[in-house]
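Labels run A, B, C, D and E following the written order; every chain starts at residue 1.
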Amino acid sequence: MASRDEIRGAGGAPRILLDNVSVSYATQRGRLLVVDRVSLAVDRAEFVVLVGPSGCGKSTILRAIAGLNAAESGIISVDGKKVDGPPEHIGFMFQRDTLLPWLTVRGNIEVGLELAGVPSAQRTTRIADLLTLLRLSEFHDAYPAQLSGGMRHRVSLGRMLAYQPAVMLMDEPFGALDFQTKAVMGRELLRIWETERRSILFVTHDIEEAVALADRVLVFSPRPARIVAEHRIDLARPRNLQQLRTDPAFTAYTSAIWETLGDGEPVSA
Amino acid sequence: MASRDEIRGAGGAPRILLDNVSVSYATQRGRLLVVDRVSLAVDRAEFVVLVGPSGCGKSTILRAIAGLNAAESGIISVDGKKVDGPPEHIGFMFQRDTLLPWLTVRGNIEVGLELAGVPSAQRTTRIADLLTLLRLSEFHDAYPAQLSGGMRHRVSLGRMLAYQPAVMLMDEPFGALDFQTKAVMGRELLRIWETERRSILFVTHDIEEAVALADRVLVFSPRPARIVAEHRIDLARPRNLQQLRTDPAFTAYTSAIWETLGDGEPVSA
Amino acid sequence: MSEPAASDEMIPLGEPGGGKAIASGSSLSIWLWRIGLVAVLLLIWEFSAGRLYNEFWSSRPSLIGERFLALVAGGEIWRHLGATVSEALLGLLLGAIAGTPIGIALAKYRRAAEIVDPFVMGLYGLPRVALAPMFILWFGISLLAKVMMSFSMVVFVFILNVTEGIRTVDPDMVDLMRTMRAPKSYILRKVTIPSIVPWLLASLRIGVGLSLVGAVVGELIGANRGLGWYVLRAGGQLDTTGVFTGLLVLMLVAMIANQIIFLIERQVLHWRPATK
Amino acid sequence: MSEPAASDEMIPLGEPGGGKAIASGSSLSIWLWRIGLVAVLLLIWEFSAGRLYNEFWSSRPSLIGERFLALVAGGEIWRHLGATVSEALLGLLLGAIAGTPIGIALAKYRRAAEIVDPFVMGLYGLPRVALAPMFILWFGISLLAKVMMSFSMVVFVFILNVTEGIRTVDPDMVDLMRTMRAPKSYILRKVTIPSIVPWLLASLRIGVGLSLVGAVVGELIGANRGLGWYVLRAGGQLDTTGVFTGLLVLMLVAMIANQIIFLIERQVLHWRPATK
Amino acid sequence: ATTLKIGSAQVSIASIPVVVAIQQKLFEAEGINAEIVDFDGGGPAVQALAGGGIDLCICAGDHAMRLASRGLGGAVLVALLDKHPYSLLAPSGSSASDLAGLRGKAVGITSPGSLTDNTLRFMIRKLGLNPDNDYEIIAAGTGASMRAAIERGSVMAGMFTTPDVQAYMATGKYKFVADFRDLDYMALDLIAVGSWLKSNDATAHAVARAIVKAEKLIQSDPKVVEAAVHERFRTLSPELVTAVAHDAAERSLSHDGRAQEAGFKTALEMLRVADPSVKDLSYSDVVAVRYLP
């Protein structure tokens, strides 16, 4: 597992760099500016969470980093290489689960393994491990149409983990999960991230989740997305998610973020 | 608006009644029992929230009430009539937003108005009102593919509200929304519910949301879904969602629900 | 639409274990219905021929049956059936094998496609019957000529259906694959082709009929065997019974092909939930 | 697939305001390419005819052009063009109008469909050429006979494509409509029909070619005008230039029809994001 | 005026008298408005006739016999062509000089069950050979299709009719293997069904009068024939038009519209060999002489 990390070299440059990036969409009513001169840097092994109002442009930023949308101005680079099409070793969990409906749970996860170049001999055990982690062992041969919403999102997560990307772009990955499952998945994600030093960019609407997971939380304004605040979360790791809720530092962070978020849009519309 | 309510009569019988209902799916590996002898009753003008682990069968219960899935055993009735195909005056917000991709935001909301029989002269203002409420006025002529995940869910909500159903089945309607938007939508939903006395069955994974909105919270076991606990929320109405968070009664309710939920599945898997 | 659940898979069962049982029971009754329908039609035909209209134009089921049995008994039928089926089958397969990649290419390389698209349609608009001399010139009076005739009808169906089908592929699925830097061939195999399976099946269904038409047209322009040839000869001799016998065999061929495609469809699309 | 964005709508612009400009520029260049391609092909044809192969079989673009102009100048072309285009157009429209509801019905009423499905395919498998006598018998030697010939080719394409297309409709959309107790006709109008628009467009494309083939086959069996008749008569008289001139006009008709469908497609499917 | 649809089994010289009648306004003089409809072969044309899609058919006499034999009352109204219209041609380099020499080879007919098919089979049988085992009889169509089949070598020889015979021979690259054009044969006639004759008695007389008039004119005025040949075969060179017109008038077109007894006998004999279901008919069963002027 370390081998994939090595090929990437270990320079000190940030893994993801956005310099003054703007993104627009062409619509019937003209150009819609969605991301407005955003600059940010994500280090190797950093866990950054993005929060911001619905429709502000978070997903668009992730898509731009993954090379799926072109930036209108500014420069995006991953591992020092300018993004121009999907960069290497990126894993993306879309907001909407994009499972392949004609493949079973096992087949969908296998896609990640295949594209990571895992030899077929090792796949069976890797899949079994992942299914246990995702609590889906029983459903390994079910098709996506036979799964509940939360189960589909977990399969999506499994596919991304199977790919073992150096950079994980996760768009509301736990949004459809109950608290228990979310806690388990979060813990697993942190474990993987801590042992394998990957960079994570994570979108969520759950501020407690953001604080529990992040090194840094970036708060975005309503569309067009601008960074209105940056919160460095200096809680010790490894974190125990259950105990965090009673930690006063934790509550302080969440309140601070609420505050900056509240600035974005008046609560009494 | 009251007229639709009148046709429904005002008998004292519960609006939704499930008596010993079981639901199964046929799968490759045989029959999968998903809902196991669940009985519940929802009164007129009652707001009931369902919580439970991912994949336990919440969506299946809602589908069964809407007449989309047949019960394997037991009886479901809505307004005293046995459910056998979709009953009258039901509004369903699916977990996955099912917007019609070929209609604009306006067109999708109009579907609800048309099916409610709203004359076309009144539609324009109704749509404008709903778009303001949903904070989507600017996007009235955008197509679903041009919206963010949260925006799509709001349009879905708008379509259901446009239909003015007596019974609202809402499957994680606010899951993809940020806290601010969620608060606004929740407030609007409560306002509509309070003024028009509709019955709501609401699925969520957010316990605070559940307590803030519900008259009653039903906690389900992991699959097959059984009701493991029922919490009556006796907080005064109208509720101020902002202030609730600091109310000790509120925190007591949430902790109690955490407790019963935790029983369902061990946290340290 | 009033019943909440059909007996399809993926839909909750009305009664425990009911799904399978119903399915097999109904497949029998479907066959009974089909056979009954055929029987009724044949009876009407048999007894109205010569009464309601001149028998010359319609022959009679009994005469057709007799002729059919004679053809089978004499073994003559295999010569014709073999010729036509092999022409049509080869044409259909070649059409699928060539048309699918062309359709995919046209959908993927938009610029090039826009340039050649009108020419493809132009070629498609040419009536094959009128091209008969060219076919003879290029391919002689051989199996090849008929296969090419059949192919030339079928290939466009695949091209046009596949091109349109690819445009309906979910862009998110492709994007997701791209983020993992999946090679194009992998995307093709895992996303594109499975997405267009319904389009390929529809093309196959449409292709069955066209490949038979192509084979018959091919036999019309140069042949000494085949069901088309047989029908044509019977027609030329005002032998209506012969015409209908030939047509009957062609119908049976199309039906059997359809049944095969139906089985393929069940195999390939079993993941798909049913729409009501 | 290496460039992150194409010039399609709904995809972020590479440069501000770049989208539209690129699009209109490229549509001009596409026409230049097409014309260039045609010119090169015609030149090769013109100069290889008589050198590389017998001119009898290929005629020459210059001769064909001459004949074409003569036909236009003499006005004769309108008679043929008018006949064939009206036959094909009516056949296509009737095919669409009849085939779409039949396809929908077959997809909706599964049981009934399973019973009649094999018969539909059986009918479809009948070669129209061989049925010519029946068509004459039923419809006479009139416009109607040719329209029905054209119709009988096209209608099955619509039936088969629509049946398959409806099976791909998102069941959740239908379920959602059902919860609001939408009448069937409303579901049809708002969900089913829009969902199968790509299938209808593909059927139209396939139908254009088949309706022309049908019209020509119809003219072949009894006519005194029409492009098919013209081509056939020319072929019978070893007048290759005439054959190619007729085919050229048929090609042009197909191309124009395709262009019209393309415009319809742009109108109807503008909501659809592009797949890369 | 009565409007008549006259079907033509293929574009052949048999239609020349009809064209002359139209061009010289002989039909018009009888108060008839005639229009020719072309078919792809005799089968469809005669079926259109029997189905009522056309009123009259320029079809092989065989078809009149078949119709008569099947109880539809087919009848020859006016004879058009008294001689067999086909020749068997092969490229001049071919080793075969007669039908027997083609034994074991592929020979092209126009379509199965057609006059060319029947003739060839009959002639082969006359040689004491079996058409199915000793020859490969292939339906190769008419015109360009047949030419393509020969040039491609798919068939060694093929059945051709006027004006292809003249055109091919004029190139010098072809030779006759067998020329049936001197054979008395009830080849192509204007055919009607019994029910039509019954209800259109006056028209039938008028048609017969017009056609016979045209046939007389053909014998007396070569210009008239050339005009009709040109109308029917637009792409022929002027020399060929003259040659074809001359050949047709001289050798094969009927002079008086009356079918020859000898030709009838040959035709019936040939047909009954090919299609044993055809009854033994008499001349008067098939030829309706009473309409002739």
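Assume contacts are C-beta pairs under 8 Å (C-beta built on N, C-alpha and C of every residue); 3 or more make two chains touch, one makes a residue touch a chain.
This is a predicted model, so every value here is computed, not measured.
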| item | value |
| --- | --- |
| Path length in the contact graph (chain C to chain E, fewest steps) | 1 |
| Winner on C-beta contact pairs when D-E is weighed against A-C | D-E |
| Distance between the centres, which are taken as Cα means, of chain E and chain D, whole angstrom | 38 |
| Chain B-chain C separation of Cα centroids, rounded to whole Å | 47 |
| Approximate Å spacing (C-alpha centroids) for the pair chain A, chain E | 83 |
| Residue list for chain C, restricted to those that touch at least two other chains | 1, 10, 57, 132-134, 137, 170, 175, 178, 220, 232, 235, 272-273 |
| Residues of chain A touching at least two other chains | 25, 27, 67-68, 85, 96, 146 |
| For chain E, residues that touch 2 or more chains besides their own | 43-44, 47, 51, 143-145, 147-148, 151 |
| Contact footprint of chain D on chain B as seen in their complex | 63, 66-68, 85-86, 88, 90-92, 94, 96, 98, 100-103, 111-112, 114-115, 143, 145-146, 163, 165, 169 |
| Chain E to chain C touching residues, read off their complex | 41-44, 46-47, 50-51, 63, 66-67, 70-72, 106, 108, 111-114, 117, 136-141, 143-145, 147-149, 151-155, 274-275, 277 |
| Chain D partner contacts - residues on chain C that touch it in the complex | 1, 6, 26, 30, 33-34, 37, 57, 110-111, 114-119, 121-134, 137, 156-157, 160-161, 163-171, 174-175, 178, 184, 198-199, 201-202, 205-206, 208-210, 212-213, 216-217, 220, 228, 231-232, 235, 243, 246-247, 250-255, 257-259, 262, 269, 272-276 |
| List of chain E residues in touch with chain D within their complex | 5, 7, 10-11, 35-40, 43-45, 47-48, 51-54, 142-145, 147-148, 151, 164, 167, 233-236 |
| Residue ranges of chain C touching chain A (in the complex, touch as defined) | 10, 170, 172-173, 175-182, 186, 190-191, 194, 197, 271-273 |
